[in-house]
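These notes open a run of structures that come right after.
Two complexes follow with subunit A in common, the first pairing it with subunit B and the second with subunit C.
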Partner chain A sequence: MADARTSAGIADRGRTWIVLYLATAGVVILLMMVFGLVMRLAQSEWIALDPAFYYQLLTVHGIGMVGIAALGGVAVLWHYLSAHVALRPAALAINLVLFMLGVAMILWAVFIGGFAPAWTFLYPLPAVGSSNGQWQAWSAVLDLTGVLLIGVGFLILCLEMGRGIVAAYGGLGRGLGWHVLFAGSKEKVPPPTVVAGTMVVIVTTLALIAGATIVAMTILNVLFPALAIDPLIAKNMIYFFGHTFINATIYMAVVVVYELLPRITGRPWKTSKVFLAGWTLSTTMVLVIYPHHLLMDFAMPGWALAIGQVLSYVNSLPVLVVTGLGALAILHRSGISWDVVSTLLLIAMFGWMAGVIPAVVDATISVNYVMHNTMWVPGHFHFYLLLGLLPMIFAFMLHLARGEDVAAHGGDLSALLYLGFGLGFVAMFLLGGWASVPRRWAVHLPEWLVWDRIAAVMAVGVVVLATVFVVTFLLRIPRILRHG
Partner chain B sequence: MTIQTLSLFLSLAAVAALAAVFLRVRLLAPAGRDYPVVQADAYRLRGLSFWVLVLVGLPVTVWLLRETPYEAKATEPQVVNVSSAMWYWDLDRDTVEAGRPVEFHVTSTDVNHGFGLYDPSGRLVAQTQAMPGYINVLTHVFEEEGTYRVLCLEYCGLVHHGMETALTVTATGGGNG
Partner chain C sequence: MRADRKAWLGAGIVALGLLPPVADLLQARLPTHVLVLLPLLAGGGAVAGAALARGRPAGWTAAPSLLAGAATLGFWLIPRWIDAALAAPAVAAVRTASLVFLAGLPLGWGWAQAGPVLRLFVLANAAAMLAVMGWIELVVPARLCNSYLLADQRNLGLGLLVLAGVVVAGAALRALAGGDQADATERATRRASPRMASPQEPSATNTITAGIGSRKP
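Showing the complex of A and B:
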C-alpha cells in the first residue's frame, strides 16, 4: 500500500547515455509521426504529394519507427537491467554512434537518392529499382549499409547485455529462470527484468544475424545483379528479422511496467513459475511464428503456414494471461491515485493486449486470404506500437523527468486524450482493412477517403500530445543529469 | 456476413470486453484492498482465462485450418495464366464464367507483386502473392457476374498504386476453360 512505496532511483551507470537515447528517440518519434501524418493527409487528398515522395516517406517512416522503438526500448531495458547486472556503457556509446551514422545514411539515400523500397526492401526490388531508374544504385547501397550499421550497433548492445547476464547468473538458461522452472531451485531467482532481458538478448541476436545476412546479400545483388537470391528464402529471412526485431522492442519496453507498477502500488511483481513459463514460451514462439507474414505465399510449405496460424494464437497467451493479468492484479484496488505516468502504463498494457486481437485474427489463414496487405495490418501493429510500446516509453521519460519519484503528480488528461486520439487513429486503419483498402498506396480511391480523413484528424491529436510528452522530458534533461 | 465483417465484429467485441476490464480496474484502483485477497482472485481468473483460451481457442484455430486456399484442386477449372511486372498485369484471358472454379496461375517477371481480386462492390475476395521464379495457384469460384478489379497488394515500386487491370465474370462463360 501507499506507505510501502518508495521513490528509489536506479543506480544506472549509463544514465547520461540513457538520456541521450531517450532524447534521440523522442525527437525522431515526433519526426516520424509528422511523416505519418503527411502520408495520411496525402491519402485524404487534403495535400498534393508526388507519389515518389510518398513512398520515400513510407520507407523512412517504417524503418525509422522500428529504429526508435528499439532505441527507446533499449533505454528502458538497459536502465533497469543495469541495476541487476554489471553492464559496460561503452556498448551504449558505440550503438548510438552507429545508429546516428546509419540514420544519416538512410536519410541521404532516401531523400537525395530517391531510394524507396519500403522497410521490407523485398528482394529483388532494390536492384530492379536501381536498374530501371526509380532510384540511384548508390542510394540502395548507402541505405542498406546504413541499415547494416544500425543492426551491428544493436547486435553489439545485445551481446553486451548477454555477457552481463551470463556473468551474473551463470548462463542464459538461468537468466530465463530454467533452474527454477525445471529444477525447482530457489537460488538466484532472476527478477522479471532479467528474464525479459535474457529473452530479448536471445531473440534479437538471432533476428539481427538473419537481418544482417539478408541485407548484405541484397547489397551484393545491387552491386552484382548476377548474384541472385531465391526470392522466397529472401522473404523468409526479411520477415524473420523484421517480425522478431519489432516484437523484441516491446519486450524491452515492458520492463518499465514490471519495474514501475510495484513501486507505484507498493505491491511486488515476483518471479513465479507461471511467469517463467510464459517468458520461455514467448522466447520460442516469437522465433517460429513469423510465417504468418507469408500466408499468401502459396509456395511455402503448408506445415510452416499452419504453424504460423496456430502458434500465433498460442503466442498471445503469455501476453494476455501472464503479463496483462499480472499488471491488472497489481493495479486493482491498490489505493493509488492516477497520474500521467500510471495512466500511460495502464494504456500501454491495454494497447499491447488489445493489439494482439486483430493480429491473431489476421494470422488466421482464411481471414488473411481477404485481409492481408490491407489497412487491417497497419491497424493491428499501430495498435500495439502507438498504444502499447510508445506509452511505455513516454511513461519512462516522464518518470525520469520527475526524478523517479513515484508519488502521484497532477492529473492525467494528456494521457487520456492520447488514448482517445490513438484509438480513433487505429480504428480508421482497421475500418479501412474491413473496407478492403490496400496498404502502402500513395493514391486512394474516392470511396476510401472517409477513413483517411478521420485518421488524419486523429493523427494531429496524437502528434500534439506526443509532443507534450517529449518536450516535457527534453526540458527536464538538465535536472535529470544534475540529479543522476 | 463477409469474412471482413465477421473479423471486425469479433475484434471489436473482444477489444470492448478487454476495455471494460481495464475501465473497471481504473475506476476501482483508488479503493484499496489487501493485496493477498486481490492476488487470490487474480490467480483464479488467470487459471480460468488460461484454460478457456486453451480448451476453446486452440481447438478453434486448429479447426479453422480445414479451410485454406492452398489445396483447392478443381476438376475442369477455367485456367487463367497471370504474369505481372512493374506496373501491369498480363492475363491470358480476361473473361471467365461465374459458378465454375477458376485457377489463376500467378507469377512475376521482376519483383514481388500481390494479385488481389476485388468484386464489383470493391470487396477483396481472394489474393495470392506474385513472385519471380514461382507460380502460385489460386483457385476461386466467382459467385457474382460483373467486372472485377485486379489490384496490386504488395509494394512494388513508385507506381504500385497504378498497377490495375480488370476481369469480366459472365453468367454464360468466356472461353474454353
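Showing the complex of A and C:
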C-alpha cells in the first residue's frame, strides 16, 4: 500500500486504509439508514412488510450500525493517533478483512438463514428461535461466528494501538496522564488524542474479551442446548460488551473535535489536569454503568442496579464537561468562519450532550420501569449516534475530501438541514416513548402512526443529506489518494 | 540466567511434576490435575523453549508455535484423554512427552519470539476460552471425567473462571504500568517492522499544536 505519503505535515498514517475504512463506513451507513427508513415506512403502514423480514432488517440495522460506528470511529482515531504514536497499518488491513468476512457471514445468516433476534442476540433467543423453526440453527451459529470475527479484528486493532501508546508513553496509565494527574510530572504529557485513544483501548479490549466469551457460550448453547446459560449472567455479559463497545465508538470519533477545532480556530486544546481527571473517571465508569440496561431484571442485586443508576448520572459528565466546555472556550470569540465541517463538529457536540439527557432519564429506575421498553430508548441512542457520532465521522470525511484544508468552504446550510431533520427524526422516537409506543414492534396501532409517519418523512431528509456528505467524500477519493 | 541453566530449570520443573508422590497427589483431584500438574509439565517445556529462543530471533515462527502448543494443550484437556492418561501408563507417558515437547516447548519458543500484540492477543483469547471452559465444567449436568466426582468438576470450573480473571487483571495491570515493557515493546516493534508508520514528532508538549498553521495552499 502506498502509505508513505504525508499530508499537512503529518507523517504516514495508513492513509489508504483509512480511506477504505471511511468509504466502507459511508456506504454501509447509507444502506443501514435506508433499512431504518424502510422499517419506519412499514410501521407507518405506507408500505407492506412481512413482520419476519422486519425483524431481519432490525437485526441487520442494529448490528450494522454498531459495527460501522466502530469502523468509522476507529478510522478517525487511527488517523490522528498515528500522528502521536507509531502504529503499524497492517492491523488496519487485518481488521478490515475480518470485518468484511464477518459482515458477509451475518448478512448470509440473516437474509438467507432468517436469523432475527436483534443485534443483542439475548439468551435464549438464538437457541429458542432455532428450536421452534423461526430460523435454522446454522444461521445462528453463522451470525455469531461473524460477530466473533469482527470482534477479533477490533481486538487486534486495539492491541496495536495499545502497543503504540505503551511504546511511546511507557504504559497505558501514562497514556491516560496519570503521571501528570497524580505525580505532577510534566514529562511526556499526553495530548487529548492519546488520552482518548488510551481510554478506548482499555474499555474496548475488556468489552471484546467479555463479548468473545458470551458469543462462544451462545454458539455452544445453540449447538448443544443442554449447555444452559444463566440468563442473568448472559444479559450482564452481553450488555457489558455491547454497551461499552458502542460507547467507545463515540470516544474514538470525538478525537476529530480535539484535533480539528484547534486547527480551524488556531487555538490549542490544552491537556489540563481537569481534562485528564475527566477521562480517567469516564474510563472507570463506562465499564460499570451497563446495569442501567438491566433495571427491569428483578433478579439483579439491588446494589448493582443502584450503581447502574447513580453512575449513569455521572458517567458522561466528566468527559462531556471537559470536551463541551473546552470546545466552547476554543470557539468563543475565535472569529471562526462557519462552514460544513465546523458546523458538523458543533452539531456533534450538541448531539452528544443532548443525547445523554434522555439516557440519564431512562437510567432512573422509577422511570425505567415505564419507559425502557418504549420508543424512548431508541430515541436516546439515535440522538447521540445520529447527531453526535455521525456528524463527527461526516466532518472527518469532508475534511479529508477537501485535502485537510481548514479554511472555511461554506456548505453549512447542509449541516443545519441535517440537524433539523435529525432532530425531527429523533424527537418522534422520544415522543413515541412519551406516548408509550413499544419498541421493536413490526406492526403499530393506528394511534401511534402519527409519530411513525413524521419520523419517516424526517428520515428521508436525513438519508438525502447523509448521501450528500458521503458522495462528496467518495467522489474525492482519487484526489485524496493522489495528493494525500 | 543463562540459557542452559534455564533449560535445566525447565527439566527440573517437569521432573517435579513426575515425582510419584507429587504426581499422585496432584492427580488425586481434578482441579489440581488440570490446574497444577498439566501446567507444570507444559511450563517446564516452556521454560526450556524460551531459553532455546534466546539469541535466535525468528518472529515468523511465533504464531505457528503458539498455535501448535495451544492445540496440543487443548487435546490433553479433553476429558476423555484425562481419563485415558490415568488408566493407561503408556498414554500417560505419551501425554508427558507431548506436553513437554509439543505444547510447552513451542509455547515457550513462540512466546519469546512474539511481539506484544500477539502476546496480548494470546492472553485475551486464553482468558475468553478459560471462562468458556469454566462455564462448561459448571453447567454440564453429568461427569465429564469418569475418574473424578461432580464436585471436583464444579471446583475445576470455578478455578478456571478465577484463572480467566487473573489473566485479564494481570495483563491489564501490566499494560497500565508499562515500565520497562515500553522499551522492549519499542525494540520489538522496530525489529518487526522497520517501515511502520512513524509519528510526526514526539508529543512532549502539553498542547495540540501539530498541524496548526499547516494549511495547504
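In this section, the second predicted complex is superposed on the first by the 470 of 484 C-alpha atoms of A that agree within 3 Å, B and C clash if a C-alpha of one lies under 4 Å from a C-alpha of the other, contacts with A are read in each partner's own complex, and residues count from 1 in each chain.
Here is the rule we use: contacts are C-beta pairs under 8 Å (C-beta built on N, C-alpha and C of every residue); 3 or more make two chains touch, one makes a residue touch a chain.
This one's a predicted model, so the numbers in the text were calculated from it and none came from an experiment.
Trainee: Have a look at subunit B and subunit C on subunit A after the superposition and call it: clash or fit.
Mentor: In the arrangement built by aligning on subunit A, the partners subunit C and subunit B fit side by side.
Trainee: May I ask you to decide whether A:239 touches subunit B, subunit C, both, or neither, giving the answer as first, second, both or neither?
Mentor: A:239: touches no partner chain.
Trainee: Name the contact category of A:443: first (subunit B only), second (subunit C only), both, or neither.
Mentor: In the superposed model, A:443 contacts subunit B only, not subunit C.
Trainee: Classify the contacts of A:208 with the two partner chains as first (subunit B alone), second (subunit C alone), both, or neither.
Mentor: second
Trainee: May I ask you to decide whether A:17 touches subunit B, subunit C, both, or neither, giving the answer as first, second, both or neither?
Mentor: neither
Trainee: Should A:394 be classified as contacting the first partner (subunit B), the second (subunit C), both, or neither?
Mentor: Neither partner.
Trainee: Superposed on chain A, how close does subunit B come to subunit C by Cα atoms? Whole Å, please.
Mentor: It is 14 Å, taken between the nearest C-alpha atoms.
Trainee: In their complex, what parts of subunit A are in touch with subunit C?
Mentor: Residues 3-4, 8-14, 82-91, 155-156, 159-160, 162-164, 166-174, 186-194, 202, 205-206, 208-209, 212-213, 216-217, 220, 226-229, 258-259, 262-263, 266, 268-271, 403-407 of subunit A touch subunit C in their complex.
Trainee: Touching subunit A in the complex: which residues of subunit B?
Mentor: 2-5, 7-8, 10-11, 14-15, 18-19, 21-22, 25-26, 28-33, 35, 38-39, 41-42, 45-46, 49-50, 53-54, 57-58, 61-62, 64-65, 67-71, 86, 110-112, 114, 116, 118, 122-129, 131-138, 151-162
Trainee: So in the complex, which bits of subunit C are touching subunit A?
Mentor: Interface residues on the subunit C side: 115-117, 120-121, 124-125, 127-129, 131-132, 135-136, 139-141, 168, 172, 175-179, 181-182, 185-186, 189, 192-193, 195-200, 202-216.
Trainee: If you look only at subunit A, which of its residues touch subunit B in the complex?
Mentor: So the residues of subunit A in touch with subunit B come to 1-2, 51-52, 55, 58, 116-118, 120, 122, 124-125, 128-129, 132, 134, 230-232, 235, 267, 274, 296-299, 302, 305-306, 309-310, 313-314, 316-317, 320-322, 325-326, 328-329, 331-338, 343, 346, 349-350, 353-354, 357-358, 361-362, 364-367, 369-374, 376, 430-431, 433-436, 438, 440-443, 445, 447.
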